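Take a look at the structure below.
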C-alpha cells in the first residue's frame, strides 16, 4: 500500500546517449527505434521507461541547437537484449514529430532506465496483460520477462482498427479487440478481460494504455478481487523526481491524509509509472 | 543617390521550397548546398539573396515542428544555372547549425530571390571584386555575370588563414590576402585593393564581407574617386520589407533629412543589400 | 446555413470584418510591401505601422535580435509621418480589398486626439488603433501603465473622431484588467491585447546590449502563454470586444485566444516566418469550425469550459 | 593568481559561495532525488523546494505543459511541511557538500517570520529565500505586487532571524524596481530575480485550460530576455546583490545575467532538460573567464558596456 517511500534515488539510472541502430515504421505514423546502450539494456526492467530529448544529434558531443520542443519525452521499453533496446512511438505532436526524424547512425540524448517497472514477482503462475494503443509495447517486454520466470501470460490487445494493431507477432497468446471491429472482437479490450476473468483468475493483471481503458480494467479487476497494476501517464517535465509535475491522485487513505490532504498526489516518474490500481483515485 | 524609393514589391520573389540536391563541406564548418528551384535559379541576379527557414523538412508539405530558431536566415546566391542554385554558409550560431543538418533529398522553405543585386551595368569594361569570409560566395556569381557581359573582373579575396579561403577555383583572376600570412599577401585585402587601384582604376568596385573590411574598401575607393557598391548585412527578421528591422544608417543628405532625420535609415532587405558606398554613414 | 462553410464574420464595435484575423501593426508595413506575396483582400483587416504626426527616423541598428522561440525589436516607431502617410500610403491601403485600421501614436492626449481629428476627412479608414504601449520610445509606456492617463487619452480621442477606437494595451503591468477597464471607461470600442513585453539581451563577447536601444519588445511564440493570460484577464473584466495578439503562429494558437475571450486576433511576428501566416490561420479556423460543427466563429469567443 | 584557474567565488551578503550557480527552488527537489546524477558538492548552493508550515498536497494534475521554448507549471507548492522537512530532508541537505538555502513561504508576515524563527535552531542552513511570488496558490502574488507588503514581510523576517535573507521577486509587476527597493528597505541581503511569469494555455480540442489550476507560471528559455530585463532594472535600483533567475540553460545565458548586474544565478527548468545543467554552466563560466583573462567572476557583475 501507499507507504510514503523514501526519496533516495533509484539505482542504475543515468544521463546517457544511445545510437540509433535501426528505425522502422511499424504501422502508419508509428516508429520503432532500436537503440544501442548496454547500460540501459542490461539493467532495465519491464515497465520502466527512458526520457528522451526530442532532437536527434549527429554525434555524442552535439548538445543540440533548439529549445523547442524543450522537454524530454517518456517512452516505455519495448524490449531489451544485451546492448540494445527498443522503443516504439506514435507521431502525436511536436515532440514525436521531431523524434521521428532521428536517422540510423544518429544519437539520442536520454535518461534511463527510469520508473519502477511492474511487480513481476507478484505473479507466481499466471498473468493477464492488457495493452491499448502505444501501451502495447511495454507489454512485449513484460510478456517475455514473465515467460523467462516460468509465468504464463495472456495478452489482450486493444486498438482503434486493424491497421493500429501493434506488435502482434511478439505475443504467443493473444486476443485482439478493435473499436471498429475490423479485427478480432468488435468492442473494448475490457470486454476481453471480463471474459478471461470468467474462465480463470490470474495472479496479476498488468495494464498499460489510455486512461479510460485503465480505469475500466481497474474496476473489472477490483470487482473480481484480482490484483492489478496499471502503468500511468502524466506530463513529465523532469522524469527524475525533482519537479512534482507528474503526479496522479491517490485514493484517500490514512497514510496519506496527514495534514491537509498531504500525500494525495504521487509522482509517477519515480513511484510509478506502474501503480497498484487500488491506490489510484479514479474519480 | 538616395531618392526614397517607392515601396512597390520587387518583382519575381516568391515563397517557395527547394530540394537539396547536393551538400558539400567545402572547408571546415563551411557547407555548400545545391538547391533545386527553377523559379529562383532563372531569375536571380548577382548579389541577391534567399531567406531560408533554418529547419530542413522531409517533404514539401511538412510545415515544421519547431519555433527555435524562429526566424529565417539570409544567404547570398553563390551561383545559379538553369533549375539550380547554390548557397554557401559557415556554421556560426544556432541557425546555421540547424541548417547544416539538411540532408540531400530534404527540402528547405525559402523566400527569394530577394534584394536588389549589384549594379552590374555600371561596369562597362572592368571591375574589381573584393570578398572576405562568407562574403566571397556572392562574388562568384558576380564574376561570372560580369564575364558574360564581357566585363573583365579581378577578384581580391580576404580570409583569416589558408584554410578559410573559399571558392578560389571559381575565379580566373585572383589575389589572396590572409590575416596570418599562411596564404598570399600577409595582411588585409584592403592592401591588395590599394595596390590594384594604383595600377589601374576600374569602372566599379563590388565588395562583400565583414563590416570593417567594407568600411576600409569604401574609404579606399572614395579617396580614388572610384564607384563602389558594398553588400551589407544586418539582422533581417522578415527579409521582405515589412518590419523595418534591417536598416543601416545613411549619410545625412538633403533628400533624407526631411523632418527629424527622417529617412536616415534604409531597409537593406529591399533597398540593398548592395548599396552605393558613398550613401552609407560609416561612422 | 451550410455547416460546411462556417461563418467567419466578426464585429468589433461598429466595424464588421469578413473574418477575425488581422495583421499586427509594425509587422506588415503599409501593406504594399507584400502585396505580391499575400492576397490582401482575404485578410480580416490590415493594421498598418504606427503613424505619428511627424516622420520618425527610428532607433539606430541593430534593432532586432532572435531569442528562444521569439525575437526582440526596438524599431522606435520609424514611420513616414502623417502627411506622407495620407499622401503616399493611404491610397494603396484604401484599395487593398479589405478593411483598414490605422494605428497611431502621439506624445500627449492632445496629440493623439489631433491625429484622430486629422484623419477624419480621409476616406477608407475603418477604425483607429491607439498605440499607447510602445516600449521602444521615450515615455512610450507612460499611458498604458497608468489607468488615469489611459482613460484620459481614450476620452480625448473619443471626442475627436466618430470612428471605432481600438486601444492597444501593454502587458508590462501588474494588472492589465485595471487598464482595460480604464480604456473601456474612456470610450474604447475594442481592446487590442497586447503589445510586446520589455526584454533585454547582451552580447557576452562585447558585453554590450544586443540592441542599440538597450531594451526591446519581445514577440513571437515565446510570449503566447503570457499574452493569452492577458486576454483572458481582460475578457473577464470588460464588456467590449478584445483583439488577441501575441505569438499567434497557427490556427490552433488563434483558437486559444478566441476561446479565452477574444473576438478577433492579430498575427505579427509569424508573418516574418511565413508571409502568409495570417491567411493560413484564417483557413485553419475555418477547418476547426467545420470539424467541430460550429456554425459561426462568434460562438467560440469566450467559450472556455470551466 | 593563476590566470588559468579563475576565481569563481561570490558573496551574497554575509554568505560566501564557491561559485555563482545555484539550483532554483522547485526544480531540484530536496537534492536527495538527484544525488546519483548530479555531484551536489560542486554546486554554488542548493535552493530547496518551498517549505510551508503545514504540508501541502498541491494542485490537481495536469500541473505542467510545454510551451514554445518554455513550460508552464502550477504545482501549487506541494511540499512535506516544516516538521517533515526538518526531520526527513534537512539531514541529507546539511551533508550535501555545498551550501543550503531554504526557500520558505507563508500566508502572512507573521507566518513568514515564524518560519524563519522556527529554523533558527537548525544547523546547516546558510540562508533563507522568501518566496513572496508564487503565482500558483491563492494570494501567492499579494506580497510581491505591493511594495508596502513586501517591505513589511521582509522586516518581520529580518527581526526573526540573523540568517542572510534573500527575497524572491515576481516579474508580474509594472515596475520591479519599486518592489526591489522595498525589499532592500525591509532588510533583504539579496534579491532573487525572478519567479515565473503568469501564463495560460487552452486545449482547443476540449476547450479547457491545459492546467487544472487554469493559469500557470511560465519558465524556461522563452522568458530569458524578460528575466534579464528584470535583473538589469533591479541592479540599477538597489545596492544589495542580485541572484539572476529565468531561462538560464547555458553558460552564455548565465553570463548575460552576471554582466547585467547579478552576482549569482539560479538554474531551474534547464535541469529538467539536462540534470547537470547547473554544473555545465559553472564549467562554461570558468572557460569564459579564462578565455577573456578575467581573474574573478566578481569582475563580471554589472560590467555591461554602455
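Order of writing sets the labels: A, B, C and D. Residues in every chain begin at 1.
The criterion applied here is as follows: a residue touches a chain if its C-beta (ideal position, glycine included) is under 8 Å from a C-beta of that chain, and two chains touch if they have at least 3 such contacts.
Every value quoted in this text rests on a predicted model; they were computed, and no experiment measured them.
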(request) If you tally contacting C-beta pairs, which comes out ahead, A-D or A-C? Let me know. (result) A-D
(request) Could you work out which chain's C-alpha centre is the most distant one from the centre of subunit B? (result) A
(message) Between subunit A and subunit C, what distance separates the C-alpha centroids? Give it in angstrom.
(response) 45
(message) Taking the mean of the CA coordinates per chain, how far is subunit C from subunit D in Å?
(response) 34
(message) So the centre of each chain is just the mean of its C-alpha atoms; given that, what is the distance between subunit A and subunit B in Å?
(response) 52
(request) Specify, in ascending order, the residues of subunit C that touch 2 or more different other chains. (result) 68-70, 220-222
(message) Quick check on subunit B: which residues sit in contact with 2+ other chains?
(response) 67-69
(message) If every chain is a node and each touching pair gets an edge, what shape is that graph: line, ring, star, complete or other?
(response) complete
(request) Provide the residue numbers of subunit B that touch subunit A in the complex, in ascending order. (result) 58, 65-69, 94, 97-98, 101
(message) With touch defined as at the start, can you tell me which subunit D residues reach subunit B in the complex?
(response) 68-69, 221
(message) Using the touch definition from the top, list the residues of subunit A that touch subunit C in their complex.
(response) 67-68
(message) Residue numbers of subunit D touching subunit A in their complex, please.
(response) 26-30, 32-37, 49, 54-58, 60-66, 68-71, 73, 75, 78, 80-81, 220-222, 249, 269, 271-276
(message) For a test of understanding, state which residues of subunit A touch subunit D in their complex under the given definition.
(response) 7-11, 13-15, 53, 67-72, 95, 109, 111, 234-235, 237-249, 258-265, 270
